[in-house]
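Below are two complexes that have subunit A in common, paired first with subunit B and then with subunit C.
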Partner chain A sequence: MASIKLNNLTMRYGNSTAVNGINLAIDDGEFVVFLGPSGCGKTTTLRCIAGLENPTSGDILFDGVKVNHLHASARNVAMVFQFISLYPHKTVRKNIAFPLRARGLSEAQIVEKIKWVEDVFSLSEVMDRYPNSLPPGSRQLAALARAVVRDPKVLLLDEPLSAIDEQFREEMRWELKHLQSRLGVTTIHVTHDQREAMSLADRIVLMHSGDVVQIGTPQALFNDPINEFAAHFIGSPAMNLADVQVASGGLMLGSSLLPLGSLPTPLSEPGNLRLGIRPNHVQRDGKAGEPGCVLALIEDRYAIGREEYFQFSLGGQKFVGIDKEKNRQLAEVGTSEMIRFDCAEMRFFTPDGIKVVAP
Partner chain B sequence: MKKTIFYRLSDKTYCGVFILPALAVLVLMVAYPFISLLYYSTLNFSILRPMQETQHIGLQNYTELLTSPDLWDRFIFTGKFVVMTVGIQMLVGTAIAYFLQRDFRGRDILFTIFMLPMMLCPIVVGFLWRYIFNSEWGMANYLLKLIGGEKMDWLGRSENAIWAVVIADAWMWTPFVILLATAAFRSIPNDINEAADIDGASPALRFFQITLPLSAPILLIALLLRLIDAFKQNDLFFAMTGGGPGSETATVSFMLGKLAFGHFYTGEASALAVILLLIITGLSMIFVRYLLGISQKG
Partner chain C sequence: MNAPRLSIVGLNKSFAHKHALTDISLDIHAGEILALLGPTGAGKTTTIRAIAGLESLSSGRVYLNGSEITQLSPTDRDVAVVFEGFNLLPTLSVYDNIAFPLRSTIYRETEEVISERVNKAADNLRISLLLSRKVNQLSGGERQRVAIARALVRRPTLYMFDEPLSALDLKLRESLVAELREMQRMNGATMLYATHDYGSAASLGHRIALIENGHILQVGTLSDLIATPRHIGVGRLIGSPAMVFFDVLNDKDMLSIEGLPWKWRFDTSLPAVAGITQGLILGIWPEDVELEFSPRTGFAQCEVHATDYRGLDRAIELRRGTNRVRKAIALAPAVQRGDSCWLGLPTSKIFAFNAQTGERVPGSLTLLESHE
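Let's look at the complex of A and B:
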């Protein structure tokens, strides 16, 4: 196990910058998820930590010791790749034995270690089968077993669940979280799936275009996004975002006024802003004249399982809300309803997307 | 527009029309010669003699050939040549391919240069190496003297001549192994190589445990093709040694050529050709079995 520190890590390919001077400290035993859209530099950062890429500049430290010059094989990191991780010509047992043999362990030690992961990962049924004959889930579980069998300092996971069916992925997420906390190994997991990140991470490192946007617990990122990108990227369905003008008594969306009892603290003076509010804070139980309540025409509705979504426009800008009360009558397309925006859950951003902080 | 005849054909006939030319060529160039070969191999036939005097002699050509100690000597010599030349080609070819698999400046040019010998006409290669191995003014002896060695009679003594031809054959055909092995090595997914890196595998362990087993199917195909080709090697012996001294460096296929077009024992030569065909087919079938076994695993 080890703590990891990145100091001003930069990676350039020719003229394009993949990672732009990242600073990050990861605690011993922590489960950190690098989250971001494709091309944000998360995988490149991971590969630098693994030793598969040489950073253009900046330092990588394990337990305070610089490891930049160390080859991947000397860093004692383990990695699980997105697609093909296992050696296709070896059985699962031989795959798991390979890193142990490479390190010159005795046959008795190897047998003991293999027995251990076989039990931890419940792999006994697949040990003597070839990877290609296994379903993707068991394959990645075996790859994970091979990764942790030699007690790595750091476990690196490069979208290990993305090749697995949605159905089984949920199960694998639980498994992964359980295993990580049981083994206590410092883990960095790369994904573009925010649900995966939210469910697994102790802390999320949200990345965009080679920069770190925000670092924090899943809850902190969800509740308090630092900018519009973070607000939009995390949460499903995505946060509603709209142009508003601060006016006396409320917010103007085009020609409609959204009355607010008192202006929320960040808003002191009139001006153009971006309003962000999550769909679960937009309800159909508004009362005329109350703060945050406004009449709107329901334009569309759909349901996913027990969740009812409805859509409406204010000043030409679309919003999505979620019905919380299960027994309520369903929204009817084409009727006008009193919508309630939860004033306490409104977030405000400047027109160029930065969070507005109370003065 | 008037409909041409092709529009009125059924699909089956339509396909047949397209296959017909290829089929005709195949029958003319393969089936007919093969059947006549089988037929001639049962006759005491020579193309220099009128057909009236030839008789059916059953399998006599075969029994005579297979009981002749000379033919067995030729088989042993051929086997020795095949093992030596293919062994060198596979080892050297795989080693060079291993270094050519990674990208470096000038790799493509180097690769092209390595491929050149394969493009030459075999008989030209034969004469080229015959000059190189000339005992009086050849390059080989010149270089040997430069490093303080003794002049050697390369082509006049059979124990040297086999090496001379092995070197020439390996020079010409190692590129083929390089070509296939490079392709095989490069087809291994990068993730696998990186996984091995991270697992802490040394270059040797990685080569023998990962690279080699994963490229085995393609390397085996290279081996099979090289074995068949080396077994049939004729041109180099023709150009370099003429089968001599005596007939000590004559391979089976060289002997076949001599029987057929030197002595014009057409019947006997046909029988020998059938024997060679059986051997090569047998060899190929073993490999194909093995290849199928590999590809079905996992």
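Let's look at the complex of A and C:
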């Protein structure tokens, strides 16, 4: 196992920059998730760490030792990909034994190692079956088992769950998290699925256009997004984001005044801001004149499972709220209701989307 | 009453000797979005292709606005399909791609009409600024919008979407689902939307049709499906987490779950009860499972095996023996792996399913004892 450090890691292809000078320190045994939309540089960074790409500049260190010059096979990393790469003509057992045989372990050692992963991954029922006869979840577990059986220093996972149907994916997430903590292997997992990142990560590295946007625990990214991109990308349903004008007594959304008891210090001056608030902090129990309360026309409502959502516009900008009280009357489309924004849960950004920091 | 916009009756399709579709019947009403939800390989694509006329059927009939179209060629059916792979023409501009169906020999609209419709569709999908770009310069999400816009301009009787968003980033998928919903609300289009993603189906579909192994398990609104699931597959496909299941030990009509302290009597009007109770599975929606963090009479002590932070809430997995229960709970109080908690199953919320067929077994449970 190893700690990993990236110093100013940069990767260019011709004129385009895939990874733009990333600095990052990952602790020994940590589970880090690289999260971001397609093309953000997360996979390229992972491939640089694996030794599958040569960075244009910058250093990669394992346990403080530079590994840039080392070939992928000499870095002792294991990688698992989205598309499951087991040998179809070998049983799961033979697939897992393969990297061990290739390394010249004795038969006794191989048997012992296989027994170990069989237990850890609960694979006993599938060991003598062929990969294609297994459900995708079990197949991916077997691929993981093969990856870790040779005690890699670092485990690199490139969207390993995205080819798996949603209903198995949730189970796989829980399994993967549990396995990682049992194995204690330093792990980097790449995904565009923020739910996966929140569920798995000790820390999330959120990326966008080759840059690191924010690094932190899932809770830190969810509660305190550093900019609008982070605010929008993390959390589902997405945070409501809207243009507001700071006015005396509150915020203007078009012609509607959203009164605030006291303006937070950075907002004391008139000007334009972006307001962010998550749908669960927007309720239909407002009272006229109270802080955070404003009248709005309900435009749409729908249920997802037992969650009741309602939608309305203020100043031409859409908001979604979630009803928390389960037994109250449903929102009625076409009627006006007094909405309550939870003032303590409002987040503010500059017009170009940077978090407004309270002094 | 008007005929449904689309009606399919008894579709059957076999590839070699395998049944891809078995007796698929569905109605979609005008202005409705029907979500077709099922795992990969369930028959969603085959169903859509059959409606579009791209698949020959072993048997079955397809009606559009009450007229049978089973024998019509694909081009004579007034439906538009958006496939996962988009099928855009890479060398043409976005504008020409969207205009393409209107310029076909069937429609032959004037360039003036075409321009109006293309601009409106592009506006709807927020790709107006991309109209002069070549398709191969676009991102995946942009291409997807172009494909949807191309389907929109034709104003067909029925739109069909086959996993249109599954190749996209999750976040992009969420915003496109919201856009599709908004667009449909504005123009009242009728849609069949196939997906394996519960979240998309739940947020888009006015009703959901659940499909598994080429069979329709049940069709209904999400609240119908939750209130009266008719098949065990409904419990597997709906919810996040999905339904909690327990294998049942039975002694005549007495039911219990290995390792859990309750015993119920099961009364069913179905004949041959003894046969059925040989293999029953009990299911309960996670929202109906009760949980306490201190001991309570009638509750069973369990261990927290895993916790899953989800931002707004937390999902946890409880274990006791071989039983596993997954449920979303509030963020407070904080719980950790290894903590104890106490599980309660409200008897009236438990459903019974036939372990062999998966069918719901109607009947009522009565709690007899709870020895803990």
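List of remarks:
Operating definition for what follows: the second predicted complex is superposed on the first by the 358 of 359 C-alpha atoms of A that agree within 3 Å, B and C clash if a C-alpha of one lies under 4 Å from a C-alpha of the other, contacts with A are read in each partner's own complex, and residues count from 1 in each chain.
By definition in this document, a residue touches a chain if its C-beta (ideal position, glycine included) is under 8 Å from a C-beta of that chain, and two chains touch if they have at least 3 such contacts.
In this text the structure is predicted, and so the values were computed from the model without any measurement.
After superposition onto subunit A, the partners subunit B and subunit C occupy separate space and fit alongside each other. Of the two partner chains, subunit B is the only one that A:S73 touches; subunit C does not reach it. Shared-chain residue A:L52: touches subunit B; no touch with subunit C.
Of the two partner chains placed around the shared chain by superposition, subunit B is the only one that A:F81 touches, whereas subunit C remains out of contact.
Rounded to the nearest 10, the angle at the Cα centre of subunit A between subunit B and subunit C in the chain-A superposition is 70°.
In the superposed model, A:D352 lies in contact with neither subunit B nor subunit C.
The minimum CA-CA separation between subunit B and subunit C in the overlaid arrangement is 15 Å, rounded to the whole angstrom. Residue overlap on subunit A between the subunit B contacts of one complex and the subunit C contacts of the other is empty. Per the touch definition, subunit C reaches subunit A in the complex via residues 39-40, 139-140, 169-172, 174-175, 181-182, 185, 196-199, 202-203, 222-223, 226, 236-242, 287, 305-306, 308-312, 315, 317. Within the complex formed with subunit A, the residues of subunit B that make contact are 189, 191-192, 194-202, 205, 209-210, 213-214, 297-298.
Per the touch definition, subunit A reaches subunit C in the complex via residues 37-39, 165-167, 170, 173-174, 177-178, 192-195, 198-199, 218-219, 222, 232-238, 278, 280, 300, 302-306. Remark: subunit A residues 50-52, 71-74, 76-79, 81-89, 98-99, 101-103, 130-133, 146, 150 touch subunit B in the complex.
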